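Okay, so chain A shows up in both of these, paired with chain B first and chain C after.
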Partner chain A sequence: MKNARYVARSAAIASRALGEETMVMSAASSTLFTLDEIATLLWQSADGVTPLDEIVRDKICARFDISPDVALRDAEDFVEQLAAHGILLISDQPIASPVLASGEPR
Partner chain B sequence: MTASPGRARVSDVVVEIGGLPIQLRCGDPAFVQQIGERYAGYVTSSSKPSFHFDIELAPRGALSGDEDVRVTWDSGRWLMQRGDFRAEWYPAAAHGTIHQTINPFSLDSVLRIVHTLLLAGKGGFLLHASSAIRNGRAFLFSGVSGAGKTTMARLAPPDAALLTDEISYVTRQGSGYFAVGTPFYGELARAGENLRAPIEALYLLAKGPENKIEPLAGAEAVRGLLGNILFFARDPEFVRMVFDAAMDFTGRVPVRRLTFVPTASVWELLV
Partner chain C sequence: MSALAAEMAARALQLGIPLSAQLDLTYRCNERCVHCYLDHRDHGEMATAEILDLLDQMAAAGVFYLTLSGGEILMRKDFFEILEHARALTFCIKLKTNGVLIRAPQAGRIRALGVESVQISIYSHRPETHDAITKMPGSLRQSIRAARLLRERGVRVIFASVLMRQNARDYSGVKALAAELGAQFILDPTITPMMDGDRSILELNVDEEALREVFRNEGLVGNAEEFCAPPQGPDADALDCLPCSAGHTACYVSPYGDVYPCVQFPLPSGNVRCTKFAEIWRHSPQLNDVRSITLRDMPSCSLCAHGGTCTRCPGLAYLEGNMRGPSSQDCEKSFARTGIASENLLAKKAAPQLRPPSQLIQIQSLPQAVNSE
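Right, the complex of A and B next:
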């Protein structure tokens, strides 16, 4: 059995929901991502304390006709892609609070 | 246009773009005169400067023109750097310095960066777009290099006032957005008229076999806009402000794709 993985939205991003989609911009690279409805559910649930498999089971599989195995595999690919761009954090432990990549009040 | 603070005689000129007067001071009166000529139409003697920059001219060959622009926030100041200039700006103290070559276009780049930073805090931005006022309303034509920004400016009817053929200045006022004239030009090589008007629409340009306008909404409109906003600072707070401004703008101003044949008839579609 795999260890639980936790995901949290980075603080170094800007995001806004647009209908059922979400637009996310990396503050570090200014890269813009458009998340579809399922990705948006995952994004909104990435609170750092709910395990990824639980998010997939309760938020995605409960709403969409998709097998848990396939959904979890897709979700893992997705979070790793976003993590590679620094807009999502992944950990084997709960993530207390996202950390700003850079910047300070001015 | 001159002052004598202490030992050296310093000339100055105040350039006001978007309602923001910036005093530029330099020990070389010929360069200050060059600045005055470059920004003709935007030089003011009546406005109190919001802040000032001291310009230090580097000897020829002292700076290299190859380095890409970098803008960073560090210890209460913005650092702006490219091969042909190094500038720092202390917003809280309302002053900065520019170390640059004698080329006035180095100063042009610094001013563009300063205005992007200032506008972001007020919900505005600079956009790769030509813009013009017709019948009291501003029209913006945005796209990458070669998309047709200057072409749309050239094709504008005689009763249109050109604000810029290259970099549009977008400000937020109340619940609306205004386009403001700028001295920042592209191929047309002439400054825009120093005017302002509420924005009627933003057109994202594409060349095609016929003139056609398609409305854009949601993510498509935001992507099209953000892809053309001038981004210099890779700074989280700055990026958030620009992102929020783009989201707000697309919620208030119509964004359309304009496919066009480069003839004057394209303007008949717009108004």
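Right, the complex of A and C next:
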């Protein structure tokens, strides 16, 4: 059985809902991202304490017609991409309230 | 603006969301810049609780890009409390400051709070010129110290300079200084009239020759030939375009809670001390009037060759007496850029008596006609 993964929004970002999408800007690089409706749902649920598979099952599969296996695989790819940009934190332990990253000079 | 940012702005326009806002925290300032358009006395700034509540309302209304400016923002003792609250609401924050009050602890807190950028006003690389403009001895040294402290901590810094007679030849020096410190550089060729309509500070504007030199500086404008190309005249699409984001996806709130379409467009549109921010944004008759204007509705500009490419600022037009009219300052810039006079300048030259000052609000003659050489 796979270990649970936890995801949390980084505090070093700016974000705002825009209709059903979400704008997210990385503080480290000032790169702007937009998240579509499904990604927004995942983003909003990334509280650091709810396991990713539970978010996918309870939030995404409950609302969209998508199989849990496919949804989880897509979600894992997605969170890895966001983590690579420093806008999402991933851990195999629950994540306490995220702090602003110190980061490298821009 | 990136393509994605433009796409988001278009979406915000469609949804009626105020994507960006400038909030001036105070008009008090420790400098006394010769070109400043503000009254620095405190006429009843919003208290901390009022500002924090306003920030909550702005976030709920959809504001994403938030500029905190003044006056000098660090003159407020509660500045970091406000900034912390704003960042907790995940605004993308730009600070505008002169940097004089930024020491290592302040720079560290700004870094830790994840501010997107800090814009510092630098008018010259020469202390005698910069300090004469700010009327504060030692101010250039202190502003540069702030820039260094912020850069050392990885904060994005922008040097903003305003072009005026006193520093007309110094922008290259400021740009080089910015590069040395790893900062960006922007140059604003516009002196803004006082918010009460007093236009006397427009006398500080550079002459046409200096403006022309700026517009042909490829280090500032990119491809000068393209930038200065003769205008083609507005096509049908341009006639239906919106003049700028002011009142459409952007707004400004003063330290007293007054809402305007833009900091440079002082059309009173409501006050957050009496009315909720979202209510003002959606239902203010003044903002809705601004939103109703397209180039087609502007009698002079719709006929002008520059109509499709002009940098016309509706706020400057408003300060000149008519928000559907031309902004002569932008007409002068278009002329300096292309050598082709706008409809407005031609009309003024042909029949200056058509617009007697007695019929206008807040109007005085510009200090010199741009095409009078």
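Brief remarks on what is shown
Keep this in mind: the second predicted complex is superposed on the first by the 102 of 106 C-alpha atoms of A that agree within 3 Å, B and C clash if a C-alpha of one lies under 4 Å from a C-alpha of the other, contacts with A are read in each partner's own complex, and residues count from 1 in each chain.
In this section, a contact is a pair of C-beta atoms (placed from the backbone, for glycine too) under 8 Å apart; a residue touches a chain by one contact, two chains touch by 3 or more.
Computed from a prediction, not measured in an experiment: that's the story for all the values here.
With both complexes brought onto chain A, simultaneous placement of chain B and chain C is prevented by a clash.
Touch criterion met: A:T34 reaches chain B and chain C at once. In the overlay built on the shared chain, the residue A:L18 is in contact with chain B and with chain C. Look at A:S67: by the touch rule set out above, it reaches neither chain B nor chain C. Within the superposed three-chain model, A:N3 lies out of touch with both chain B and chain C [touch as defined at top].
After superposition on chain A, the chain C segment that clashes with chain B is 327-335; the remaining candidates among 75-83, 273-281, 327-335 or 363-371 show no clashing C-alpha atoms.
Overlap of the chain B and chain C interfaces on chain A comprises residues 11-12, 14, 16, 18-19, 21, 23, 25, 27, 30, 32, 34, 100-106.
Residues 2, 4-5, 7-8, 11-12, 15, 17, 19, 59, 62-64, 87, 90-93, 111-117, 151-156 of chain C touch chain A in their complex.
Listing the residues of chain B that touch chain A in their complex gives 73, 76, 91, 218-219, 222-223, 226-227, 231, 234-237, 239-240, 243-244, 247. Contact residues on chain A toward chain C in their complex (touch as defined above): 11-19, 21, 23, 25, 27, 30, 32-34, 100-106. Listing the residues of chain A that touch chain B in their complex gives 11-12, 14, 16, 18-19, 21, 23, 25-30, 32, 34, 100-106.
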